[in-house]
Every structure is written in structure tokens, then in C-alpha cells.
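Which chain is which? They are A, B, C, D, E, F, G, H, I and J, in the order written, and residues in each are numbered from 1.
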Amino acid sequence: MSIPEITQALLAAKKEKGLTFADLEKILGRDEVWIASVFYRQASASEEEAKLLVEALGLDTIYVRELSEYPVKGLGPIVPTDPLIYRFYEIMQVYGMPIKEVIHEKFGDGIMSAIDFTLNIEKEEDSKGDRVKVIMSGKFLPYKKW
Amino acid sequence: MSIPEITQALLAAKKEKGLTFADLEKILGRDEVWIASVFYRQASASEEEAKLLVEALGLDTIYVRELSEYPVKGLGPIVPTDPLIYRFYEIMQVYGMPIKEVIHEKFGDGIMSAIDFTLNIEKEEDSKGDRVKVIMSGKFLPYKKW
Amino acid sequence: MSIPEITQALLAAKKEKGLTFADLEKILGRDEVWIASVFYRQASASEEEAKLLVEALGLDTIYVRELSEYPVKGLGPIVPTDPLIYRFYEIMQVYGMPIKEVIHEKFGDGIMSAIDFTLNIEKEEDSKGDRVKVIMSGKFLPYKKW
Amino acid sequence: MSIPEITQALLAAKKEKGLTFADLEKILGRDEVWIASVFYRQASASEEEAKLLVEALGLDTIYVRELSEYPVKGLGPIVPTDPLIYRFYEIMQVYGMPIKEVIHEKFGDGIMSAIDFTLNIEKEEDSKGDRVKVIMSGKFLPYKKW
Amino acid sequence: MSIPEITQALLAAKKEKGLTFADLEKILGRDEVWIASVFYRQASASEEEAKLLVEALGLDTIYVRELSEYPVKGLGPIVPTDPLIYRFYEIMQVYGMPIKEVIHEKFGDGIMSAIDFTLNIEKEEDSKGDRVKVIMSGKFLPYKKW
Amino acid sequence: MSIPEITQALLAAKKEKGLTFADLEKILGRDEVWIASVFYRQASASEEEAKLLVEALGLDTIYVRELSEYPVKGLGPIVPTDPLIYRFYEIMQVYGMPIKEVIHEKFGDGIMSAIDFTLNIEKEEDSKGDRVKVIMSGKFLPYKKW
Amino acid sequence: MSIPEITQALLAAKKEKGLTFADLEKILGRDEVWIASVFYRQASASEEEAKLLVEALGLDTIYVRELSEYPVKGLGPIVPTDPLIYRFYEIMQVYGMPIKEVIHEKFGDGIMSAIDFTLNIEKEEDSKGDRVKVIMSGKFLPYKKW
Amino acid sequence: MSIPEITQALLAAKKEKGLTFADLEKILGRDEVWIASVFYRQASASEEEAKLLVEALGLDTIYVRELSEYPVKGLGPIVPTDPLIYRFYEIMQVYGMPIKEVIHEKFGDGIMSAIDFTLNIEKEEDSKGDRVKVIMSGKFLPYKKW
Amino acid sequence: MSIPEITQALLAAKKEKGLTFADLEKILGRDEVWIASVFYRQASASEEEAKLLVEALGLDTIYVRELSEYPVKGLGPIVPTDPLIYRFYEIMQVYGMPIKEVIHEKFGDGIMSAIDFTLNIEKEEDSKGDRVKVIMSGKFLPYKKW
Amino acid sequence: MSIPEITQALLAAKKEKGLTFADLEKILGRDEVWIASVFYRQASASEEEAKLLVEALGLDTIYVRELSEYPVKGLGPIVPTDPLIYRFYEIMQVYGMPIKEVIHEKFGDGIMSAIDFTLNIEKEEDSKGDRVKVIMSGKFLPYKKW
């Protein structure tokens, strides 16, 4: 997977400035995961957000326009090969149908929205080894009949 | 995707008995998602857990052995076509790399385990439409150097 | 592509009774396309709807339960080979990105829901050859920021 | 998916000029979706249309020739990863066979043309959330026997 | 590739009766290739044609209904492995773009219909080895602008 | 699908000179489809043919060598996305097995050669819409036993 | 890969009779590899050859008809997983283009026929380990120009 | 398939010098097919062999190092589209299992090595058309038990 | 992945008898992994070994013949979905090229045989969590030049 | 597979200096396979390790930063074509399920970690031909229940 040039530029500037995504979260008033999605052109910032970001990173304002355009989303590949990302794919291979059963039981026939959706990552300290906590929250969308 | 016969038998018995996965959670002392995974032969129960489950569902004890065997996991297909499951695949297509960036920043080079791992589903009531909350927690595993 | 047994049974009964989907539309008070989706187990009927349908088709009531369960959706294959269905795939190959541009221009960054969604088919009589009119209507879902 | 250079140039010029596809619809006397298809080199303009378009966008006339050539069509990938475009793919996965049944019932054995074909997008205002309306109209082509 | 049961029954009956497709051509008043397509459920016969065929083959009339239904078409696989069929795939790999150029030059932007379409096979006797002649004729469909 | 540079150069020169493939047919004494195949480097010209072609197009003689080399053939992709080329793929999906039956009946076990092979395209004028006629002729090659 | 029933029956009978393919070579007057191809329904025997084979194996004469029909060829899968067969696939991955160069140099633009083709297998005794010798011989087919 | 730059350089130099692979065979004392494999970086030459080759082709000695490095092998694609190379793929599709049967019968459970392996190409003159003879010889490797 | 019937029968008998693969190792004098490979029909036993195994498991002697036949090997799928097996696939995705570098440095141009090959699994007790040790040993096969 | 530029630079410098991975093992105090993984950007070095490596290779210190960043891992392709790497893929195709059985028997339901993992390569001298020994050691991770 080749990383887009704009993403490389943003990541390099962030490193140069010694900023973390958590720092940017405070500056923009947006979650760190969402900001990382803007870095990868998977989410579009408002012009104001784009300006704040570009300024914080000390980059040229020419990036503002691109960051506020609506991107073609989806980073591929079909089956991810990076072990960190693959684990999420595996989770769906193993727990996908069980999740479907439980959601249907709790909500009826429909889906969890991936658009009206938020995702947070937290660090759970644990003496047996810290844990990654991923919290997804998506609006339930019932199938419309017509 | 064809659903395995044992899964069909368990689901039919559960319906017959009017039980929810939440009811089974109380009986087995295990989370409802994990129990649904046992239904789909993606997790193996202990003999005791299998007995409790088979009893609760009013099924023949011949199922006990099979439910406690270690299954071949993974339900396919490569790209899921069911809309509910696809949304999780889409989340990884769109937010996979941003998640990777944030986890690396918080934890260093490594992954979230999908084995030392739990997954819970909650219903968030919301006046603008209820929300599905999915909480994943996996041990962080740093890459070993040698 | 093999057609599920329940679908075959419903289609055979419909033929036997000399009913069209338009006739069933009047009986159920639901659109003919949605009813055809119930035939293919891509939509779940309420118990009442399932009863009405089974009765109209003169079938055994044992079908009622299955028709009201929440199905695993998606009929495959990845690239359709049936010429009628392929044309819709081709439309997306050719006009997908242009549609994306126009929707973004009219609505902003987001998608057309395929869940809060209806689809109608009409016959447009035309002296140069009748035309198939397909009308899709899906709720616009803007990307949530967080 | 990499966007062709000519498309990028046209989109940039359109943004620069502050034009919408709806504005171009008035200038060219062609539908906005069709014009967006010309941008993506999925439809070929007549020389006159190409001139009007290039002029409106304030671009060099060297683009006129390319825009009137007959393009190799189809933008890929096999399964779209962009969520907006994927939803149309999902619609065919879920409703493809039901649509086939209803078209056959209304028209007989044949297909909806994707060549003698038009596609319009409208915004339906709705207090519960605006809706995207997509209207396709294709000539019915009955299978020829010989 | 597994051959459908109805096809096997028709082919066996044809062999039993000692009939060729050319013989059936005379009986039905339809081309032999089209009749072979009916055998493989890739074309639907009228009830009258189905009756003639079933009678000629000495089969039960229960086949009449199935042969006049509108089939799901396309026999797969994606890349054919049978050498005879693969050669046609190879012809498109090698000569596809050249054919596109020549058709565009003769007709403009559009396609050859595969629906309003006929295909004949003739044997050309030749002292250096007989030749297979395949003649396709499809209506030219110009791309509609809108 | 990206078009090779040499093909682009040849097509541009042909347009510049206002030549059709039919014109080139007269100059080279070879069929227009075959010449288009040379343009796409799917057929190799003799040095003499290459010279005639390069001259007719007013191009530099450096192209002569490349046009007479034996090319790596096959233009991909696996399933064509261009609608004109896809129709030929669809024809094989739908009529492939019927064609196989008829060829076997007329010739025995073997194939139609795609090497000792010619392909012509004609325009059939027709008041209900002109038709594209494609005539393929390949030597029948019987399977050798040994 | 599932082995066809007829193949299993033939192999079982051959084992029962204690016959080798080399023995059958003497009985039929055909090469052992070709006979093995008949076993797998990749080659069609004449009625006489089929009778000889069925007799030698002590099988019912009902097999004679099937063995003399023209089969659908190609055993899949796309990339073979059996190590013995994979090695031949690897040979083409590694030496395919070099072979192409040498054949073109010796013969010009064309191919080695896989139809007018024979294949023999010999055992070369060698003190450092016996060797498998595979000899293929196919008619060279030059590309026809037209 | 794009041909590596070094391969292009070697082929161009060979053409310039008017050398055949057979000529190089005499100079290097290696088989022409093996030498063609060195051209395509599918085999590694010793430094001495590389020097002889580079000298014979009149190329700069900077190529010597690269030609003697151990290459990443395999030229793809998964299913070859070039007709000459495809025929070898087809041979394995059609005759793969029969070959496996015969090798097992002659040698037991094991494979033909593709590493301790040679491949020669000869021209068999034949009045009915010259034939391409391909002779492969690979050490038989029996499966080790442990 | 469906497990072959014979494998299921062997595993069930082994469970019934309360035997481990380590027990069978003592009975057959073969490694436990190799014996497990015989269970899955990926390795062929000698008749004597097959008899010992069938006897130890208390099964009918009809299994002896099948277990000593040379199997079609390779269990698929292309990308394994079972997490335990996938990890080995991931190891090759991540460490494949580094392994290649180190083997080439130590041995020259060639491969590790997967035929003249053994594989052992050991349990390493470790206070921080036991470890799985996998030891592979394959003969180095240098590429033959010819 | 194209090798990343940084990898090429490191390999070239290593060759220039006449260093082996075993030499680098002594300098860095890390295993040679792990160091080769750093070369291919499949493992991240600490800043100190990166400095030692860059110094040993006589390269510019600008490489230090990149070598200590956390890489996107996985080198593809899905099915490897290089024979050395393919053998490991084949080992998993053939012995994957047997390995799973033996690990489950020794450890219970869980996996061998590919993260808390080491891999060593040794040369076993053997008069019948040297052997490649690959030793993997991964922590056993039992499936967590919740």
C-alpha cells in the first residue's frame, strides 16, 4: 500500500513539530481518530478546521483546499496484510455472524451505520499488559419497507 | 453463506424456548456475544458450559462434545455481502490506517490481540435514533525483537 | 447461482395461482419489488405480512416463521453474469464517479442510504420501444464528525 | 482509484470558476449527470459540446479533441470501496434478483439497456432528512430469437 | 462446471433419438445455436416451441413449463478452462481493442447489442483443413445523451 | 486500462492524416481489423508492412523495428469493463456451451483455432437500426490422440 | 478438487485388476498419458477404444458411451495446490517468457499447439536420483495475417 | 506485463549484434533456454558467465553484478494472457491430473523437481508442419517421512 | 473448509480411544505431525503403517487401502481464515523476503525443499507463558544450470 | 514485486562493504533474520539500533529516522511466485491443518503468536546435501472467554 503524498507531508510535519494526535485533538476540538482520518483523506474537514490544522502543522495554506474536498474513500487492499489492521478483519471473519445475531436480537432487522458513526481508541492500563479499547458507536438504521 | 447445521439447530431451539442471548448470558455466566460465537462454532465451550447450554435449550446431550471441540474458525466470504457485516469491513477500509496511526502513537509498534480479546454490544437509547455501541478490548502485543 | 428452495416454492405457488407481483402488492399493501425481495429472503416480513402472503399463495403456514426471520443478505456473485443484472453493475462502472460528484455537489460529504431506501419499477410506454424506469430513493446520510 | 489527469484539470477549472454541474447543464443543454460523465471520460461530447464546455471552464482548446473521442469506459475497481458507490453495488447484491423478477413480469425475457439510457439525480426535501432520488430510464430490449 | 440436470436430460434424449441440432432446426424453425441455448437454459422458448421440442425428443410434457421460463443466464466460470470456449476469450483478450476501434470508426460511440443478436455457425470445407465460421450480428446501439 | 504509448502515437498520427482503417487496408493490402491489431501491438507486421504503415502515417522510421517484433499478447483485464468489449464476454458466458455443442456436432472433438484465424467486421444497413456483423473464421483443429 | 465419479470407478477397477497404465498402453495401442486423460474425461475415446478399455477393466458396458462423448475440459483450480502439479505451474511462471523468446527465435510469431499435441513421460535412471522426463511435442502454428 | 529494463537492454543489444540465443549457447557453454532465463532475471549467472555474456553483447560491465545476483523469481500474471504461454497453462489444466497419475505409478509419492531441472526446446521438421518439442527433465523427489 | 469424511472418522476414533498423536507416534514410530498429515490425507502411509494405524484406532481394515494411496494435496483456501493457520501465512507476508535474503546468503541461489522436509512441534515451558516451537528442516536444493 | 528504494539502498551498501547479515548480527546484537526484516521495513529499529546499522553500512544518517518508524507490514503478493517463498506457502497448504491439530492437542484452543515471536535460520551440514533449518518460536495465546 502506497501512502498518498499529502498524508506523508502531514505526518512529516506533525513529527517535525513534535505533535501527537491528542495535541491536535485539543487544537481542533475533534477526536484524534477523526483527525487521523483527515490525514489519510478519508474524512473531509471544513475550511476552518483545515486552516487550524495546516497552521498547527506549520504547512503552506495550499493544503487547505484539498483537505476540505470530499475524498474517494477506501484504502484497500481487499484483505489487509498489515498485522494490526488484519486483526480487525479477522474479528469480523470470526465474530461477524455472532454480532449480527445479537444486534438483530436487540434492535430488529437493520444495520449499524458506518456514516453516522464515531470511533474512539483508549488505553486501558492493566498489570498483565495494557489493553487497546476501541469503542464504536453507530446509529441503528432499520430496514425501510415500502 | 450456508449456516452450519448445528448452528441452525441451536438457533431453532433458542427460538422455540423463547430465550434471548441475554437470558443465556445469565444462565452461563458468559457474555451474550461470546455465547453467540459458540452457536456459530467460532468459540469452544468447556464441557460444563456446553452442558448448561444444551440443557437450557432442551437439546440432546450429543451436542455437548461437538460444542467443546476446537473449531476451524472464520466464516467468510472474503468480502462480506451482508450489509450489516459489510459495514464493519467498510470501517476498516476507511478508518484502518488512521486507527493504526493512533494505536502506534499510544502504544508503540505492535498490535491489538484478537485472541486475548473481548467484544460487547450495547444499545444506546437516543431520541434521534438508538445507537449500536460496540466495545472491543484486546491486549496490546508489542513486536518482539530477537 | 442456485435459487434457495423457499424462493422456488414461493415462485411455483405464485405461478400456480396465476398471481403477479402487482396482485400481491394489492393484497399486502406493500410494493411489488419489496415483495419480490421477501420471495428471495432479502427482506423480512412481519408475521402478519408473512401470513397474508402465505395465504394468498395457498402455502402451508410453516413458511410464516421463516419469512419473518432476519436473513443473511446478498445474493452474489461478485460480478453478476446474468445480462439483466450485469447492466446495473455496468451502470456503476461507467456512471459511479459522475453520480458521486453530483450527489456531493447537491448534498455535501455523505452517502445515499441503501437501508432507509425504496425502489420502484415502472413501465414507460414509448412508440420507439417501451422503457424500464427504475426509481431509487434513499435518505441522505451526512458523514458525522466527532 | 487514481483520477485521470484530464478529469482533475476539468474539476479544478470548474471549482476555480465557481460553477456547479447544474450551471453547466444550462450552458450545454445536457443533464448534469451526463456532463459529469464527460468529465470522467465515460461519455464522449460532440465537438460543439466540447467547445462549449472548454470555453465555460476557461480551458485551452486543446482539450476539445480529447473530450470528443470515444473513450475506453469503466472505472473499476471490481468491488467499489468508496461507501457512496458501494451502496449501489449493495443494492444490486440485495435487490438484483427481485428487480429481475419484476422486470420479467412486466416486460418478458430481455433487459434494460444501459446504452439507450438516462440517469437523473434529484434532491427530495424531507423533514426527517433529505433524500437522494435516482431515476434511471433504459429502453427495454427483448431477447431476439433466430 | 456442472451441467444442469435438465440439460443432461435433453442431451441424453437427443442422443437416444439420434437427432442433430440441425434436425431440430427443421422441426422448430429456429437456428440450431439458439436451440442449443434453450438446452442450456440460456434462452427461453415460447410454450409452443417448448412443446415441439419436448415432443421431438420424446420427453414428458412436464419440461414444457421450465423451458418457457425466463432463466438466470451466464454459465461461468470467470476465465473459461475448456479449450474450445477459452479460444473465444483469448480472441477478445487479443483483438478486443482493435475490434472496438473499427466498430467506433464505422458506427460512432456505442456498442453491438448482445440481446438483439444472432449467432450462426457454419462449416467451411477447405482442402488445408475445414474451418469453423462464426457469424455474429448484433444491432448497433448508439450511446444516448441526455 | 492504459493504452501503450506506441498505440497512442499511431492513433494520433492516423487522426492527424485523416485516415481510416479502411484506407490503410487499401495501402497495406491487409484487413482493417488486422491493422488495428498491429496498432495495439497484438499482431506483428513484416518489415515491409511496417514501413508502409509508418510511411502512410508520416511517422519516424524508428517505429518500424518495434512493429515487426513479436509482441506479448493479451490486453486484459480479466473481466472487461468497457461495455462494447464486455458484450463479447457476455456472449461467451451465455452462448459458450451451446456453441461448443454445435461445433462438436459438426466437427467432432477439437477446437476452432484462434491463431489460424481471421476476423472481419461489416456494417449491415437496416431500417430498424444498422447492425454490426462480426465474422470469425478459424481452422478446426481436431484433438490428436497418441 | 473432487475427482469425478467415473474417474474413481475407473481407477478403482484398474487397481482391482492390478493393471498399470503401461499395461493399458499395450492393450489399447495408445500412450499411457493419453489413456490417463481418458480416465479423467479430458480426452474422448472412440467407441472401439472405449470398449477395449472397459473390457480390460472388467467394467459394465454402460461406461462406453460416456467415455466416447466430447468432454468439458479443464480440471482447475486456477493456481494448483497439489505440489506435483504446482511445479509445472511454477516452471511457466519462471521459464515462460524465456521459452517464448526461444520459440519465437526458432519459429517466428506463433504458438505451440496444445491440440495437435502429444506428451510422454519417461523414467531416466540416474545414480544421483532418478529423473522424470516429460516430452511435449506440439505443432507450430504461425499467426495468420488477413 | 511490463518487461524489466535490464531485459529490454539485453534483448536490444542482442538484436543489435545480430546474435541468436543459439549463438550465445556456444559462447557461454550453457543452454539457450537457460540463457534466455538469465535475460529475464529468472536465473542467476556466475560472475564469469555474466562477464562473457555482457562482453558478447557489447554492454557495459555494470550489468555483471546485477546478472549474478539471486533474483526474485516468477513473472506472473496468475493466468497468463499471452497465447503462447497460455497453452502451457492449458496443458496443465487438461493433462495435470493424468500426468500426476502416471508419475505416481512410475515413481511413487513425490514430485518432479523444478529446481534440479532442465528444459530444452527443439525444432522437429515435419512435412505436415514443423513441431515444437519441449523436453523437461527434473529429479524425482520422494516425500520424506519422519 | 469442509473436513474430508475419512479425516472425521479417524479423528472421532482417536477421541473415542482416548489417544493423542503423541501416543500414535510411539505405536507407528513416526512423528506426530506426520501422522496428523496422514489423518488429513496430505501424506501417504505404507500399507504396514496404515494397518498399524487402523488397528490402533479400532477401525475397519477397509481404510488401509485409502490411507496408502497417493493423495491430491493442498487443503486451501487461498488466504486461510482460521487464526492459527493465518499466523503462519502472516509470518511469510512479513518475514518472507528477509528469510530469502538470509538463506541466499548462507546457501546461494536455491530453495529449501518442502518434499525432503520434516516439521516438528514442541512445547517450550516459560513462566511468562508457554511457547510453541516449530522446527522445519528441508534439504537445500541449488538451482541447476544447464 | 518491486523492492522498496530504502531496501535497495541498504542491500547495495551491505554488498559494497562486504558485510553479511551474520556480521551485522555481531554489531547490533540482534539476530540476522530480524536485521534482514529491518532492511525490508518489516520491523522497526530503535534509534540506537538504526544508528549502529547506518554507521556500519556507511550510509547517511538521514536513514535513521525512517528505520525507526513503525512500518505498514506485509509484502505480498497473495500467492507468492518466488519458488523459495512459495515453498513455505505450500507447507501451510499441506501441513496447516495437521499442525493445528497437534498444537490444539498440546496447548488447547488458541494460537501461536506471530508478534511475540522469533525466527532463526541455521545451516545443517549433511553429507547427502546440506539442510535449511528454520526454527520458529511464538508465545501460545489461549482464546479468552468473556
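Here, a residue touches a chain if its C-beta (ideal position, glycine included) is under 8 Å from a C-beta of that chain, and two chains touch if they have at least 3 such contacts.
By chain, UniProt protein names: A, B, C, D, E, F, G, H, I, J = Cyanate hydratase.
Just so you know, these numbers come straight off a predicted model, no measurement behind them.
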Classification of the chain E (Cyanate hydratase):chain H (Cyanate hydratase) interface as same or different, half of numbers criterion: same
Which one of the chains is farthest from chain C (Cyanate hydratase), going by Cα centres? H
If every chain is reduced to the average of its C-alpha atoms, which one ends up farthest from chain E (Cyanate hydratase)? J
Measuring centre to centre with CA averages, how many angstrom lie between chain B (Cyanate hydratase) and chain G (Cyanate hydratase)? 48
Centre-to-centre distance between chain I (Cyanate hydratase) and chain G (Cyanate hydratase) (centres being mean Cα positions), rounded to whole Å: 30
Counting only Cα atoms for the centres, state how far chain C (Cyanate hydratase) is from chain F (Cyanate hydratase) in Å. 41
Whole-Å distance, C-alpha centre of chain A (Cyanate hydratase) to that of chain G (Cyanate hydratase), is 54
Each of the following residues of chain F (Cyanate hydratase) touches two or more other chains, namely 3, 33-34, 72-76, 78-84, 86, 90, 93-94, 97, 100, 104, 110-111, 113-117, 119, 141
Full enumeration of touching chain pairs: A-B, A-C, A-D, A-I, A-J, B-C, B-D, B-I, B-J, C-D, C-E, C-F, D-E, D-F, E-F, E-G, E-H, F-G, F-H, G-H, G-I, G-J, H-I, H-J, I-J
Write out the stretch or stretches of chain B (Cyanate hydratase) touching chain D (Cyanate hydratase) in their complex. 79, 81, 83, 86, 90, 93-94
Applying the document's contact rule, which stretches of chain F (Cyanate hydratase) touch chain G (Cyanate hydratase) when the two form their complex? 30-31, 33-34, 43-44, 70, 72, 97, 100, 104, 108-111, 113, 115-120, 141-146
Looking at the complex, which residues from chain D (Cyanate hydratase) come into contact with chain A (Cyanate hydratase)? 1, 3, 79-83, 86
Spell out the residues on chain E (Cyanate hydratase) that touch chain F (Cyanate hydratase) in their complex, using ranges where they run on. 3, 11, 20-22, 32-34, 36-37, 39-40, 42, 73-76, 78-80, 82-85, 87-107, 110-114, 116-117, 119, 121, 123-124, 126, 128-141
Under the stated contact criterion, what part of chain D (Cyanate hydratase) meets chain F (Cyanate hydratase) in this complex? 72-76, 78, 114-115
